[in-house]
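Following: one structure in structure tokens, then a few remarks.
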Amino acid sequence: MNDQPAVAVRFRDVSRHFGDVKAVDHLNLDIYDKEFFSLLGPSGSGKTTSLRLIAGFEHPSEGVIELYGQNVTRLPPYERDVNTVFQDYALFPHMNIWQNIAYGLMVKKVPKKEREIRVADVLEMVRLKGLEKRKPSQLSGGQRQRVALARALVNHPHVLLLDEPLGALDLKLRQQMQIELKAIQQRVGITFIYVTHDQEEALTMSDRLAVFNHGKIEQVGTPSEVYENPATSFVASFVGISNILSGAAAEKITGSAQPFSIRPEKIRICPPDSTVSDDSCGINGTVRDVIYLGVNTRYLIEIGDGIDINVVQQNLEATSMDVLAARGRPVKLIWQKTHNRHVINEG
Amino acid sequence: MPSKASWGLKLATAAVILFLHFPVALIILYSMSEETGTFEFPPRSFTLRWFEVTWENESFRNALLLSLRVAGIATVMAIVLGTLAAAALYRSSFFGKDAVSLLIILPIALPGIVTGIALRSAMSLTEIDFSLWTIVVGHATFCIVTVYNNVIARFRRTSYSQIEASMDLGASSFQTFLYVVLPNIATALLAGAMLAFALSFDEIVVTTFTSASGDETLPIWILNKLTRPRDRPVTNVAAVFVIATTTIPILLAYRFTAGTSEE
Amino acid sequence: MMATITRRPSITRRISTFFYHYPGLSLFLLLLPPLAWLLIVYIGSLAALLVQSFYTIDPMSMLVKEEFTLSTYEELFTAANIDVIKRTVYLAAAVTVGCAVLAFPLAYYMARYANRRIKGLLYLAVMLPLWSSYLVRVYAWRLILVKEGVINSVFEQLGLGSVVEWVIDRPYIGGTGTSLASTYLGMFLVFVYIWLPYMILPIHAALERVPKSLIDASSDLGARPGYTFRRVIFPLAFPGVVAGSIFTFSLTLGDYIVARVIGNSVFYIGPAVSSNLSFNIPLSAAFTVVSVVIMVIYLLIARRLGAFDAL
């Protein structure tokens, strides 16, 4: 037995061009069997195109895509053992819920008996029993989302592709569905590949994630790796909020012009005359703005040359009156050197 | 603040609607009039006798039959050609696409006489003889656009991800067409077909240039009777037939497309 | 779970996959039948029309002489035929104006005031005559306009028979005959009636696109309703009027049924075309080519005026 899990999806030097636009640019990526893998990035970063390449809706301009070791680069979507949950759900409006879910089994000529059992099973899993006869137009957004999920899962695909499936739901429902999706993934034990632009969603749900930018992957890793050790300044700023310091400002703090990032929640605000220990960085500044956010407060501290540093502090005992009074005060920012992360600056 | 229409505007609207429909109502009225010579208004007495007389007229029945056959065949051809064109054009982009869509619309945008004379010129140059099929060819040409327009509008309203979803779930292109595309466009197709049928059934301009003198479609039959005052009662009844045969499909077409746009 | 499913694809699946890999070929095959039809039947015929117009009739045999000549066009541009063309263009222009005047109030009411239900009904009331019974609707006007028809009957019952005669005797709108059916006014009315729906729909579409907030803004800025209409609503709806005029103008130009059913025995392009057809196809073809040229010029002007965006 090998420790390394099987590779579910492998991109080998895959590019996809639309005219002059390189939607996906020389992509290399392995996604393992049974993992919850997120493709995270801003819109137009190539994450959705990558998903569509796995599904077979797009075909690479160059490179090879493998599913469990089989080269599927040129296979049409209906010959691939993957299923997709679409952003707009793409339910068939002329079919009822049962017919929608049974569609994949019907076109593959699965016997009627087995069809009924399997549809009933997934209906139970997504908690939609009793709605079989409804039309998609009679369901709420959250229910439609579950139908889309059930319609894909009933086929027992090896890989489930989810294209921003929660994008259309409101915040409460989205958070509830995040938990439910994760639970379903663990229960059915198949690979989920999840496209999102919401970094919080990617961090909370994924086993691993890839951060996309301009058709390329900036970093692949577990949520904590990506958050704690962002490889590039783009990752540092896109995943959570980061202060990215370079050039003269970096030199003033660390003595080196090499760019680094520091998370706002790692920084303490101290009186201007505080001493800085050897294992810490410190810099003087003025509180330029205070944004009271309820749970915590965001401070913008100007450290000279028009450069601001973001600091986030929990409102442990402070009231809004207290924190807002900080405006204009001179302060010293102090943080441990170990929290500095060297990043590659994209410029 | 919702403003109210002035009385003048309401009156003008009502007058225009009356203007659009009063003449047709007159025909229906006079088709049941006892009087044969004059159109006294309002007519004095009514009868359904002329319907019987007209129905027993063999040339009327032949004309009706010919019109139904022509419209039927032209509609089927328009369905096939219009749907293929819509399927080809709605999501693709290629050089000359605009020219192709213009080409589809042109036969109905140019007046019938141009199409008619053009077909007649071609028949004269290629020495093709008049027949049922020369009428059908002309009609099918200008009917393509009604099916095309309805179907492509429905395609555009249908999210393409439905087709992707179908293939994703294992359906081949044929299965996808059968189970997803066809049910989606069915009512639009039917609406387009109804309009094509109505358009063909009462077409007269192109028909006069592409039919043999012995082949009378119903509109041509009516046209030939127009100048004979003796035949007026029968002509009125035939006109009522045309009104009914074209109005009903149009109302159906309206229903088919109105129902879906509300969802 | 890990078992790879190997099913032998059926023949339809393999065909499907084949076309999947060649989307260009699929597109070509889809497009081939309608395109071939339109190119061969329609464009071919239009080409034949053009070719015919450059042939001429051999005066001895009365048969078409199939060699290139401009003599048919020379024959066409005689004073009498130029009068026919001019008269037709004037009539088409008058009909267009008449349609616009009648269409605007209805379109305006539909777009701004009618509730959903009324709007649907009005829409249907406009659509029905657009699609149905062209000949029958022309014929209906015979019942109205002829000497023994509805208008004469009503006016005589009211003792106003002389009014009708007075109208028939007027220059420009009257005619030489004894009934309204043979007057210019009669033809004008029938044409306006027949093509009116073609004018209403584009104007309505253009008015629907005028945002309500614009009208509110204008009145908010102190404009009285009449001023708002002239300076805001009408200019924005004008492309719709031009779009509608494409239909009313070109359809009137090419019509030959109305003149045959109502007609005042003077010639228009349409009747000239059809009456020449049986003995001089080249002349008919040349007439048609000229009217197509006039329509193309009209379309170019219309495009300048922004009509194509309103369609």
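Here are some notes:
So that you can tell them apart, the chains are marked A, B and C in the order they are listed, and the count of residues begins at 1 in each.
Methods note: a residue touches a chain if its C-beta (ideal position, glycine included) is under 8 Å from a C-beta of that chain, and two chains touch if they have at least 3 such contacts.
Given the structure is predicted, the values throughout are model-derived calculations rather than measurements.
The touch graph of these protein chains is complete, with an edge between every pair of chains. Across B-C and A-C, the chain pair carrying more C-beta contacts is B-C. If each chain is reduced to the centroid of its CA atoms, chain A and chain C end up 57 Å from each other. The geometric centre of chain B is 15 Å away from that of chain C, both derived from CA atoms. Residues of chain A in contact with at least two other chains: 76, 78. Residue positions 13, 16-17, 20 of chain C are each in touch with at least two other chains.
Looking at chain B, one finds that residues 172 touch two or more other chains.
By the touch criterion given at the top, residues 159, 161-162, 164-172, 175, 179-180, 183-184, 263 of chain B touch chain A in their complex. Contact residues on chain B toward chain C in their complex (touch as defined above): 3-5, 9-10, 12-13, 16-17, 19-21, 23-24, 26-27, 30, 37-41, 80-82, 84-85, 87-89, 92, 94, 100, 103-104, 106-107, 109-115, 117-122, 124-126, 137, 140-141, 144, 148, 172-174, 195, 198-199, 202-205, 208-209, 219, 222-223, 226, 235, 239, 242-243, 246-247, 250-251, 254, 258. Those residues of chain C that touch chain B in the shared complex are 12-13, 15-17, 19-20, 27, 30-31, 33-35, 37-39, 41-46, 48-49, 51-52, 64, 102-103, 105-106, 108-110, 112-113, 120, 122, 124-129, 131-137, 139-144, 146, 148-150, 153-154, 193, 196-197, 200, 250-251, 253-257, 260-261, 270, 273-274, 277, 281, 284-285, 288, 291-292, 295. The residues of chain A lying in touch with chain B in their complex are 55-57, 76-78, 82-84, 86-88, 90-94, 103-104, 106-108, 137, 151-152, 155.
Considering their complex, residues 6, 68, 70, 74, 76, 78-79, 81, 156, 158, 189-190 of chain A touch chain C.
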